[in-house]
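Next come two complexes, and both contain chain A; in the first it sits with chain B, in the second with chain C.
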Partner chain A sequence: MRENLSAFHVTILIFMIQFGVVLFNLSQIEAYYFGMNGWLILFVVFAIVTLNILLIGIVYRLGNGRSIFEIFEEALPSIIRIPLYIFLTSLWGLLGSLLGKQYVLIFQMIAFPTSSTMLIKLLIDLLGFYLVSKGIYTISKASSIFFWLVIWTAILFLFLMKEFEFVRLTPFIFREHKDYLEGFFYVYPAFLGFEFSLLLFPYVNKKSKLIKSTFLGNLLLTIVYLIISIFSFGFFGYHLLKELQFPMIELFACIQLPFIERMENIIYGFFLCTTIITLVFYFWSAKEALSRVFPKVKQNTLGIMIIAITYLISFCAQVLNDVETWLRYLGYLEIGVAVGLPLILIMILLLQRKRGGIIDK
Partner chain B sequence: MTNKSFIIILLFLLATLTSGCRDQRIMEKLGFTHTVAYDLLPNGKTAFTLTLPKADKNSEAHQETLTAVSDSYKDATIIMGRQTHFNLVNGQMRNVLFGTALAKQGLWNHLNALNRDPVVSPLAKITIASGNAGDILKKDYKEHPKPGKYIDLLLDKQAKNFASYRITLFSFSRDYYDDGIDPIAPTIKDNGDTLETFGLALFQDDKYVTKLPPKDTILFAFLTGTFRKGNWNMYLSEKLKKKELVVLNYLNSTKKVQVTHDQTGTPHILYDLTLKGTVVDYTGPLNLSIDAERHELEKKIGDHVRAEAKRMVAHMQKYKADSLGIGKHVRNSMSYSQWKKMNWREEYPKVVFDCKIKVTIMEYGTFR
Partner chain C sequence: MLKKNNQPQSISELIQKEKIQEGQLPPTLSYTLQEFEDCSDLTHRSFPQKKVDILYFGNLVDKDQLERDVFQAVIYTNMDTQTALSQSQFIKVVDSKECIHGILAGGAAVFYEEQAYMIEIAAPPSRAITPSQADPVITGPHEGFTEEASTNLSLIRKRLQSSHLKVIKLHVGEITKNDVYVLYIKDIVRMEFVEDMKQRIMDIEMDAVFDTNMLLQLVEDDVASIFPQYLTTERPDAIASKLVAGKVIVLMAGSPTAFCAPSTFFEFFTSSDDYYQRWLIGTSTRLLRFIALIITISFTALYVSITTFHYEMIPESLLLTLSESRSRVPFPPLIEALLMEATIELLREAGAQLPTKIGQTIGIVGGIVIGQAAVQAGLTSKILIIAVASSAIASFVIPSYEMSASLRVLRFGFILIAAIYGNLGLALGLVAVVIHMCGLTSLRSSYLTGIAPLKPKDWKDIFIRAPFSMLRTRPSQSKSTNNVSNKMKR
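Take a look at the complex of A and B:
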C-alpha cells in the first residue's frame, strides 16, 4: 500500500520549506522598503500568496490529483517539455545550492570565519543529499522533528519583552518608504516554497487536504513572520532597524541568561534545521523534474548530479552580497514559476476538458 | 560489519576529529578584552586603554593593561597586540569607558565601529568616566577587584537598584537612531580609594551635554516607567529645625503619558503616574498609623516628586537633551508631516511639562 502524507505533515512541511534564512533580515527589508510599520505589508503578501495557493487548488481539482508531470506529458510535445523540465531543474537546483551557501556565509560572520566556506557547504550538501535520497516521506517526517527543534526559540523572545515598547512602533504607516514594487519582490521570496505543493499531488490523498494544509502552513508562517517583525519594530525602533544587516541575529545576541550569553552563536546553529529542509526540498524537486527527462537513470545518481553541478556553480558567487544578488534574480524566476506554472496547467486542463479528454468523476 | 558501513563510520570519525583542527581557539593563548577606555588627546587622536583579566597561576598579576594611541579602536588593538603574548579577542568585552572630553565631542564614530563588528556583544556596557577614563583602568583599588571587574560589578549592582543605569551598546545605538529620544549613559567617578557611580550623563544625539546628579537617577527611572525596586529617599523639608526625610522602598509604579497641543501648537505633556511603596524611614511630625495623616504624607510625597520632576525636566530642556523620550510621545500624537515639519530639538525646550502623581503607602513597618 502506498503511504500518503498526513495533513499535519503537509502543513509542517510547507511551513519548513518556506521558513528559512530570510527570516534573519526580513524585518530590515520591511523597514527599508516599506518604512514605518513596514510589517503591515505581510498582510498584503499573505493575501496574494493565498490567491496563488488557490490557483494551485484549481489545478488539483481540475486534474483530479494527477501529477503535474503527467499532465504535461499528455499535453505537451517533448520539444517543449524537456527544456521546461531542464529549466525547472536548474532553477530549483541552483536555488537550493545558493540558499545553503547563504546560510554558510552568514554563519561564518559569527563562527569559523577563516574556515573554507565551500568545505562547510560541502558538509551541508552531503546532509542534504542523504535526506533527498530517502524520498519525500522521510523528508516530511524529518521536517516535523526539525520544526520542533527550531520553533522553541520563540520562547526566548520572552526574555526581551522588557525592552519592547509600543511607543516605538509609531502611528505612521509606510512613511519614508522606498520603491514598493522592489520591496515586494524582496518580501515575496520569503514566502516561496508553497508552490511545491504542486509536486506533492501524487503523494497525498483526500485525507491530506493538500490545499487546506498548504494554506495552514502559510498561515503559520505569516503569523511567525508577523510576531518577529512587530517585535523587531518595537525592539529596535524603525530608524535603527533599517540600518541593521541581520536584526534577528542582533535580537538573539541581546538575550542574556545568568548562565549563558551571546546566544546567537548557538541559536543560529538550530536554524540549519529549517535551511536544510528548504534546500533539500529544492534539490528533491529538481531531481523529480530531471527524472522525467532521464527516466532510466537511477534517482540517486540524478540527485548527486544536481547537487554536484550546482555546488560547482555556487563557487562563482563568492561573497554574501553576490549570493544575495543571485538569489534575488533566481527568486524573481521562482515567483514566475509559482504563478506561471499553475496558470499554464489550468489552461492545459481546461483545453483537455473542452476536447473531452478527461471524464469528470 | 559490512565494508560500506565501516567506511562510513571511519569517515564520520575522521570528520568529527579533524574538524577541531581548523579555526582553533585555545583559551590559554587568547587575551579576552574585558574593558576598553577611550580618551581624547589634545592632538585630536584617541588614547585607548584595555584590560585583560588573566587566569594564569604562574603570574602574580591578575590583569594586564595595554595602551595605544590611534584614530580607531581596531587599529589600536593591532598596536596593543605587539605588546602582549596573547591574541587579543573582543568577544567578551563587557564595558566601554569614555572620558568626558571625548564624550563631549561625540561618540558615534567609535560606537559605530563597535556595532559593525559582529564579534563585539551588543550588550557591552557604555559608561562615561568623570575625567580621564584610562587613568581609572590603570589604577589599583586595593580593597576592591581590579578596575575592569570592579566597574562591571559595581554598575550591574547599582543598575539593579536603579541607583545607576545599565546602558548597552545596543540601547545607546537605538536611542541615538530614534528621533524622539536622546541617549543617556551612567557616569563613574574616581574617589581615590574607591570608584563611585555618579549619576547619569545626558546626550544630545551622541554628544555629552550635561548630567544628572546621583540623587536624581531614581526619579529619572520613575519617569521612564522602568522603576521596580530600590530605596528612594526624599527630603520633604530641609528647614534646619524641621528636617523631614522619608525613605521609600519596594516601589511599584505605572506611567501614562498624555499629549495635548495648545492653540500655538506647543505640546503640553502630562505624565500620569502612580507610585506604591513601603515607608522604611520617616523623620517627621506625622503619625503614619492614622489614616488621615498617612494620606497627608502621601500628598506631600506626591507634591515633592512633582516639583522635583519639573525641575529635572526643566534642566534637560535647558540643555536640549530629550533623555526621557518625550519626543516619542509627541511624535505619536501628531501626523507624520507635522512631526517632520517640527524641529524637535528647538521645540523641545518650549514644551510644557507637568505630572500628576498618586502615591499609595502600602505599609510603614512593624512599629506603629
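Take a look at the complex of A and C:
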C-alpha cells in the first residue's frame, strides 16, 4: 500500500520549504524598501501568494491530481518538454546549491571566517543528498522534526520582550520608502517554495487536502514573518533596522541567560534544519524533473549528479554579495516558474478538456 | 575411502539412505545409539529380560519422575511390557528425528522390540524467578523472566488470562535448534506484523542463536543503525502491557529477555514504574529522561565547542572561572574531553564486569580519586569533570540499556564534530542523526511514530504519562483494528 502525505505534513513541509535564512534579513528589506511599518507589505505578498496557490489549486482540480510531468508528456512534444525539464532542473538545482552556500557564508560572518566555505558546503550537500536519497516521505518526516527543532527558538524572544516598545513602530505607514516594485521582488522570494505543491500531486490523496494545506503552510509562514518583523521594528526602530545587515542575528545576540549569552551562532546552527529542507526540496524537485529526461538512470545517480554539478558551479559565486546577486536573479526566474508553470498547465488542461481528453472523476 | 564408496550398495541400504534423507526413518535403538555416538552423558539402560532399552540424558531428566514413570511403570512391574507402554505418559514415535529431538529435549526414549516410545520427563537445570537485574522498578511487580521459556510463558499467561493470547512456536539455529515463541493477542494485533516477524525468524539460517538479544539483531530492519530497533525487557508485566498495546512479542528458550515489535524511539524512555506511580510523578520522571537524553548527547560536546571556538557565549563571571581552570590544562579541549570520557567509560565497564560490591567501590574510588587527581594534575578542568560526569549520569537515567549504550557512542561522534566545526558541527551532527532516524523503521513501521508521522493523541503516553482515564487508545504504531483500550466513563 502506497503511503500518502498527511495534511499536517504537507502544511509543515510547505512551511519549511518556504522558511529559510531570508528570515535573518527580511525585516531589514522591509524597512529599507518600504520604510516605516514596512512589515505591512507582508499582507500584500500573502494575498498575491494566495492567488498563486489558487492557480495551483485549479491545476490540481483540472488535472484530477495527475502528476504535472504526465500532463506535460501528454501535451507537449519532447523537443519542447526536454529543454523545459532541463531548465527546471538547472534552476532548482542551482537555487538549492546557492541557498546552502548562502547559509554557510552567513554563518562565517559569525564564526569560522577562515574555514573553507566549500568544505562546509560539501558537508551540507552530502547531508542533503542523504535526505534526497531517502525519498519524499522521509523528507516530509524530517521536515516535521526540524520544524519542532526550529520553532522553539521563538520562545527566546520572550527574554527580549522588555526591550520592545510600540512607540518604535511609529504611526506612519511606508514613509521614507524606496522603489516598491524592487522591494516586492526582494520580499516575494521569501515566500517561494509553495509552488512545489505542484510536484506533490502524485504523493497526496483527498485526505491530504493539498491546496488547503499549502495555504495553511503559507499562512503559518506569514504569521511567523509578521511576528518577527513587528518585533524587529519594535526592538530596533525603523532607522536602526534599515542599517542592519542581519537584524535577526543581532536580536539573538542580545539574549542573555545566566549560563549562556551571545547565542546567535547556536541558534543560527538550528536554522540549518530549515535550510536543509529548503535545499533538499530544490534538489529533489530538480531530480524529479531530470528523471523525466533520463528515465532509465537511477534516481540516486541523478541526485548525486545534480548536487555535484551545482556544487561545482557554486564555486563561481565567491562571496555573500555574489551569492545574493545570483539568488536574486534565480529568484526572479523562480517567481516566473511559480506563476508561469500553473498558467501553462491550466492552458494545457483546458485545451485537453476542450478536445475531450480528460474525463472528470 | 574411494574403494568403499564405489562398492555397490544393497537395495535395503539405498532405501534406508533415502528414508534418512526424507527424515522418515523409523526409530531404532541402533540408529539412535549411532547418532549419539561419543556422547558420554547419554545414559543407556538395557533390560534384556524385558527386551527393553531406555535412552536419556541423565542431567536433563527429572530423576524422580524417571524412577516413578518409567522404571516402576515398565520394568519393576508385573504388567506385560506392551500393556505397560500403552499407559498415557508414553507416546509412540514413528520418526527417528522425533525420537532424537525428544531425547535432546530432556525426554526418555523407551525401545521395545521394533517400537519406540517417548516420555517427557525433562527437568533441565534452571534458576528460580528473581527480580530482573536489567529492568528494576521501585513499585510494581518484581518478577523477572528466567532462562526457562516455559516459566516465562507461564508468567505471561498468569497476567493475561485470555484465550486470545496466541503463541506460535518456531525454531532457530541449525545446530542449536532453540525454541522461539512469537506471542500476540488476536483481534488486537495487526496480523501483518505477526506474519512479517514469523517470516523473518524463519528466514534465519545460522548455526547457533543463543540469546534474544542476538536474535533481534537478525530480524532488525537496519543492521547498520546505531539505534536499537526493538525494545527489550525482562519484565513479564511490561510484556503483558505491550501485548495489550497490540505489539508482537518474541521470547526465546534459554534467554531471560523478550523483545517487542514494532517499537518507537520514545518507548525506550518509558519504564513500568511510570504506570505504577501517580501520573504526575510518572510524567515528571519521563520528562526527566528526555532532559537526560539532551544532556547525554550534548553536554561534553557543547563544552568542547564553546571552549574551542565560542568563548563569547560564556557570561563574564563564569568565563573567569573557566579560563582559570583551563589555563593549567596543556591539551586542547577535544583531547581533554576524550581523556575524561574514555576514563568514565573504563570505569563503567570495570564496574559492569566486576562483582557488584567491588564494582561499586571501583566506581566511587575511580570517580572521586581520578577526577580529583586529574584536576590537581592539570590534566583537565573542573567544569569538564562536571560536564562529563553529568552526561554519564544522565545516560544511566535512560531505562533501556541498549538505548543508553547507543547514545553514549553517539556522544563521541558529537564531541568529534564539535571539535571540528563548533556549534555548526553540532547542528550538522543533529541534522544527520534526525535524517537517519526519519528513515529508520521498526518492523517496517516508522521509528519516530508520534512525531513523524505526527500522532498528537500518542503524545499523552510519549512525553507525559497522562492519567489512565485519558489513555483510551492503543499506540498508533500498532495500527490496531481494535483501537479502544479504555472505555471508562471517567
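Here is the rule we go by: the second predicted complex is superposed on the first by the 361 of 361 C-alpha atoms of A that agree within 3 Å, B and C clash if a C-alpha of one lies under 4 Å from a C-alpha of the other, contacts with A are read in each partner's own complex, and residues count from 1 in each chain.
Quick note on the criterion: a contact is a pair of C-beta atoms (placed from the backbone, for glycine too) under 8 Å apart; a residue touches a chain by one contact, two chains touch by 3 or more.
Remember, it's a predicted structure, so these values are computed and weren't measured experimentally.
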Touching partner for A:E250 - first (chain B), second (chain C), both, neither: first
Contacts of A:L240 with chain B and chain C, given as first, second, both or neither: first
First (chain B), second (chain C), both or neither touched by A:K141: second
Which of chain B and chain C A:V167 touches, first, second, both or neither: first
Superposed model, chain A: greater residue contact from chain B or chain C: C
Touched partner set for A:E261, first chain B, second chain C, both or neither: both
Partner chain(s) touched by A:R175 [first = chain B, second = chain C, both, neither]: first
Touching partner for A:F112 - first (chain B), second (chain C), both, neither: both
Chain A residues contacted in one complex by chain B, in the other by chain C: 112, 115, 123, 256, 261-262
In the complex with chain B, residue positions of chain A that touch it: 36, 109-110, 112-115, 123, 162-163, 167-168, 170-172, 175, 236-237, 239-240, 243, 249-250, 253-254, 256, 261-262
Residue ranges of chain C in contact with chain A within the complex: 309-310, 312-315, 318, 421-424, 426-428, 430-432, 434-439, 446, 448, 451-454
Residues on chain A engaged by chain C in the complex (per definition of touch): 6, 8-9, 107, 111-112, 115, 120, 123-124, 127, 130-131, 134, 138, 140-142, 144-146, 148-149, 256, 258-263, 265-266, 269-270, 272-273, 276
Chain B residues within the chain A interface of the complex: 15, 22-23, 91, 118, 121-123, 168, 170-171, 173-174, 177-179, 226, 325, 328-329, 331-332, 336
